[in-house]
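Following this line, the structures themselves.
Next come two complexes, and both contain chain A; in the first it sits with chain B, in the second with chain C.
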Partner chain A sequence: MDELLAVLGYKVRSSDMADVAQKLEQLEMAMGTAQDDGISHLACDTIHYNPSDLSGWVDSMLSEFTNPPDDSEYDLRAIPGVAAYPQADESDKDSSPAAVSSPSSSSSPPPPIAAAAAPSSALIAEPTRPVVLIDSQEAGVRLVHTLLACAEAVQQDNVKLADALVKHTGLLAASQTGAMRKVATYFAEALARRIYKIYPQDCLDPSYSDTLEMHFYETCPYLKFAHFTANQAILEAFATANRVHVIDFGLKQGMQWPALMQALALRPGGPPAFRLTGIGPPQPNNTDNLQQVGWKLAHLAETIGVEFEFRGFVANSLADLEPEMLDLRPADVEAVAVNSVFELHRLLGRSAGMDKVLSTIKAMKPKIVTVVEQEANHNGPVFVDRFTEALHYYSSLFDSLEGSTASQDLVMSELYLGRQICNVVACEGGDRVERHETLTQWRARMESAGFDPVHLGSNAYKQASMLLALFAGGDGYRVEENNGALMLGWHTRPLIATSAWQLAR
Partner chain B sequence: MNLDENLLYEVLKHADAATLGRAACVSKQWHRTAQDERLWELICTKHWANIGCGNTQLRSVVLALGGFRRLHSQYLWPLSKPQSSSSASGSSSSAWAPFPPMIGAKPPARWGKDEVHLSLSLLSIRYYEKMNFGNRGR
Partner chain C sequence: MAGDNEVNLNESKRVVPLNTWVLISNFKLAYNLLRRPDGSFNRDLAEFLDRKLPANTNPVDGVFSFDHLDRSTGLLNRVYRPESQLGPPTAPIDLENPLSTTAVVPVIVFFHGGSFTHSSAGSAIYDTFCRRLVPLCGGAVVVSVNYRRSPENRYPCAYDDGWAALKWVKSRPWLRSGKDRNSSDVHVYLAGDSSGGNIAHHVAVKAAEAGISILGNILLHPMFGGEARTESEKRLDGKYFVTVQDRDWYWRAFLPEGESRDHPACNVFGPRSKNLEGMKLPKSLVVVAGLDLIQDWQLAYVEGMERTGNQVKLIFLQDATIGFYFLPNNQHFHCLMEEIKNFVSAA
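For the complex of A and B:
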């Protein structure tokens, strides 16, 4: 192995250096003479999924130039990389992990040094012997490439190509197992919906989505983590208050509040009076979900001796909320906490929605605002970037679910996530509500809106870590502290983030 | 040997959790006595950090939410076990299935504040979840 390149992560055999060096020359020439402006992006925006396979990458670039996409019929050879068209095989197996599981992707062209790569699943520019390899790892890489190529085609409005590719992903997905297969299937379905314009109805029965969320709650620790860490911040903010008021931006089944009420009940000196305002979407059939949840929580409160008051608010969007509706009491009488678990990102689709809600929050004069959001940027303007980011994110998420044991819960949890995938990929405009953004982005937004961060203490961190240890699902979960916020992730990938805020002085 | 229940109770007050569990298997009378919440309250509170509230306050809340025996077996005990293989019983339908107590285990170390708070929270969540299944009059 060439040592210099090994340090950079490129597995190179000295004996192959000459060969790939020649290919690089060819590539440079091809890029120099290319007439089509549309491929100039390849020079800077290429995503290099398998850095150790330089030879393969160069070959794929070459094949892109020598086989231009033919519009009159879908030409699978047009797909860059190992994608759809099976290539002749060589003796060495592909030893690199599937691109999806590696969170990093370097976006720089290969170093100009004459380099050669380990002859892994070698790609030859012209397909000579069409031998189909049933190597599931390689098929996994192809699957990812096909999905990405399809997203690219969709972005370019190349319906014929996108159509062919999306059908091909079905074939490739069948060769996979476990999380990879499920994720690919959901993404392929979402792409198909986008291509054929069969948009999913977002306004499905909210009680159905609540049911799915309950299964997700049971199967994996994300929601529990969200509740526990937010509650800890709220408890600390409420430490000395005699009357407290929590405004929950998404009450759903109210699963966050029993633990808070129990902690308040056991407060030294006795519990404060606890008021809860729960906000929820309109329900079909006139069923009053909010009131039912309120009743259950009231019963619990009575059982443990906490003075309790509940109010439910039906709203299509949080932006419809006005502070006057909430019967707010003076700040010295009642301490207010505003809680939002996976709700704020929905406002980013409407232009003034977010600003309105943030100023409404400020008008509530809260002692603390707790925000839990997905740690990913699924709201970028470029479709392919969104798609790629979502593919990585949901792959990690599905991976973490694989360890859980309950099969029915698992299926429902996957459905729950699948609907999010569908929304991120297939919907646009006001329909696209799953506009996730990263903690960094939320921080910037909250700070410019006039909020100061509140550090989540070590109690929250310790309880979160213990919670994960109890979870039978898997060893891969990690709690991370990030400048006072807490993140829960799977292996190296953070997936959700809890942060707390107060009004800036 | 037919021990008077009161005497049995006094004796069991000094037992640890594992012994108490085994005692419950001896006979119907022993089972009844060993399940006494007061005994399990002792087991729990003897070894945990002071969380600041009074005993009466604690007792009324915990008994209302399912009792000390459940608190111990479902939440405190699993938290005191060393976190070895987390791939637990494949047959359990819930990710929260309690780990089976090990025979001959040493008595648990002291439970810190975080363990206690976490266990109490989980107990309250479970109580609330059970309310979901139509037990409106519970």
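For the complex of A and C:
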């Protein structure tokens, strides 16, 4: 790998350099001889993938000239829906597509996926800690110092000092406003719990946590982005299948699926038969939450004309799942997508849990695996590092919420995030489930488990950007392309990452 | 014509290392896709293609960085600082103490290039460049400004943002330094490449008018122009990655609609420009790449500065193309680094 280009974000093997140069020359010739607006289709209609793979990008551009885009291929666009269950009025369905779909453009087939190159030594990350300071935080700098000092004291088991510092934090936090104050309060509380060993009750009613999550869904675009980008990858993977099966590792209220089903319903040539397996934790009152969600989705399916089958699975942990339980059908009959939104990291607290789940996924022979995770390392071995990471991460997250106006939703969203903070800071061992890791870490894990990346392209990027413009409360949200994955962040701080995978060949 | 293209491509390939050629050619072709004939710009695809690097408070090669956002304006600056010799690596960002109470520590306010349209402070090419400047200038602080770009934000947005950034930098207690507490100030240099150089000039003029002290300006093949077609533009058109046509497009995208290139933002010593005589502008270091087609405008700038009694040093790099400073693989890069180092350290 050429080290100098690698630093600038381009992966080109030194031995390939002359070849890439030649192709660039060819591309320039081709662009030069095309009509003036002949090349604009390269920008609008072509789907670009992973610009870091320069060679691949140039190849795909060149193939645009040698193989004109195939008009007969339909182009599936996920509709950026709200969590829409069929309403009495049908007007909701009409409002979204116009903003997103562009007229009659067709997509070329995705280029052959380049095998993931081993990262060069220049890229093997020392952990990166991206920090975005909001101007108000300059005033809160002492508060941050105190929190970090307290975490340091906790790590050194200096209970007396930690106790003094956590109280001082409370005083300092009171003189702050906005996001800084809220974040500091949650972190101080979590530290206090750790110091005094009053651990939070983890097993809260799942329906309560689902409710909080729904408010979070409404307040800010993170979950919408997660669902949208995962759906985009699933749709592309399902493009030619007549029967499809989605296995959702965390069904919750099923908010991801109406939009996918609507997109499938709009497929030229008609929708495939759609089967959904939803996995969820046990419910306290023996209420069957999964079935209720299944019924709602079945009702939607009926109104939009999609053949639908649903199955719910109660599991304490994804590691309890066995492929035989899922009634899988042969791959040539039914295409399988495995979808995990903020679920996989929970397995990292149990030894061998992750390995088990990854082999179970492989046994499902999925066409595609979509993974959305928080873009942060909250699972490092050193407490102070974890604490610092989390402080910066949740500060950015809370800052991004400040722009939203619905105050009820805001409080609930903050509670939702506050519980995560508490878990990261106060819990240990099996109780600590919020073991977030970065995309770089997930990539390494997936690749060594036998998965190849499936790249999300410029079409998904563009639509995600449009989605943000439609739904986002503030205008600091940014979509970023990262070696075939998409990240959503607040200004320059990436906060969640969507990646897609297939079985390695 | 196809034949001409072949000659052109071979020429540029001869004068730069192969990986540099690949890098800049890739930009050139990608940028061709992004500029639309009607003057609009495919911003989504541009952001998708741009390779970015995050800020990183963990020091890498002795430099760490963090982003600062001004909520009210949305202006983001990326601050690069040398790793503290004192505290542990996990020490929090120090926003309370001055940079030094025993020495002057320069703060270089950097405006990235991209012809007012492309790139950002987070672009990998610029993040990497800014990181280099920190140890080069003896542990200077660099503040890279994420100014608003055209065509969405035309003149004077980029200048307004540059000015706002300068005022922000000058007002940070934690960017002050001095030989003793009495001479504490924020010691600023302005720097920029291409459009960034243009911005640096205009911000320096405004600073001089406002009595704000700037220690020096570093203009790295700054972007200037005018209605006339100069000899260098005709001679070098299309030969080394850049065409007159694309220059025209970027000016049309930046300048107010309907304006000509003799607008004072573009043609700094032209018929419509302010008289810079007696303005006491900071000393300037102007670096001109010998294969840059707009060099005649840059040389005219240097001459104009001299004529109006402003101190300017010209570095003319004979066979350098635009973007020679992105990769440390050529003599021009090393020459530039040496000149910048000397310029910033001179009293």
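Here is the rule we go by: the second predicted complex is superposed on the first by the 365 of 505 C-alpha atoms of A that agree within 3 Å, B and C clash if a C-alpha of one lies under 4 Å from a C-alpha of the other, contacts with A are read in each partner's own complex, and residues count from 1 in each chain.
Operating definition for what follows: a contact is a pair of C-beta atoms (placed from the backbone, for glycine too) under 8 Å apart; a residue touches a chain by one contact, two chains touch by 3 or more.
Bear in mind that the values here come from a model prediction, so they are computed numbers and not experimental data.
Novice: Between chain B (first) and chain C (second), which does A:D475 come into contact with in this model arrangement: first, second, both, or neither?
Specialist: both
Novice: Applying the document's definition of touch, where does A:A259 land relative to chain B and chain C: first, second, both, or neither?
Specialist: The answer is first: A:A259 touches chain B but not chain C.
Novice: May I ask you to decide whether A:V159 touches chain B, chain C, both, or neither, giving the answer as first, second, both or neither?
Specialist: Neither partner.
Novice: Answer with first, second, both or neither: which of chain B and chain C does A:K462 touch in the superposed model?
Specialist: both
Novice: Scan A:K296 for contacts with chain B and chain C and give back first, second, both or neither.
Specialist: Only chain B; A:K296 stays clear of chain C.
Novice: If you tally the residues of chain A touched by each partner, is the higher count for chain B or for chain C?
Specialist: Touching more residues of chain A than the other partner does is C.
Novice: Give one of first, second, both or neither to describe whether A:T219 is in contact with chain B, with chain C, with both, or with none.
Specialist: First partner only.
Novice: Answer with first, second, both or neither: which of chain B and chain C does A:G270 touch in the superposed model?
Specialist: The answer is first: A:G270 touches chain B but not chain C.
Novice: Would you mind listing the overlap between the chain B footprint and the chain C footprint on chain A?
Specialist: Overlap of chain B and chain C footprints on chain A: residues 462, 475.
Novice: Which residues of chain A touch chain C in the complex?
Specialist: By the definition above, chain A touches chain C via 2, 4-5, 7-10, 12, 17-18, 20-21, 24-25, 27-29, 31-33, 36-37, 39-40, 42-44, 48, 51-52, 54, 58, 61, 126-136, 138, 141-142, 144-145, 148, 384-385, 388, 392, 458, 461-462, 465, 475-476, 478-481, 491-494.
Novice: Along chain C, where are the residues that touch chain A in the complex?
Specialist: 2, 5, 9, 13, 18-19, 21-23, 25-26, 28-29, 32-34, 36-37, 42, 44-45, 47-49, 51-58, 60, 66-72, 74, 76, 78, 90, 92-93, 95-96, 122, 124-125, 128, 326-329
Novice: Inside the complex, what are the residues of chain A that reach chain B?
Specialist: My answer: residues 218-220, 228, 231, 253-255, 258-259, 261-263, 265-268, 270, 296-297, 299-300, 303-305, 403-406, 409, 459, 462-463, 466-467, 469-475.
Novice: Under the touch definition given earlier, write down the residues of chain B that touch chain A in their complex.
Specialist: Contact set of chain B toward chain A: 51-54, 57-58, 60-61, 64-65, 78-79, 83, 86-97, 113-115, 117-118, 120-125, 127-129, 131-132, 138.
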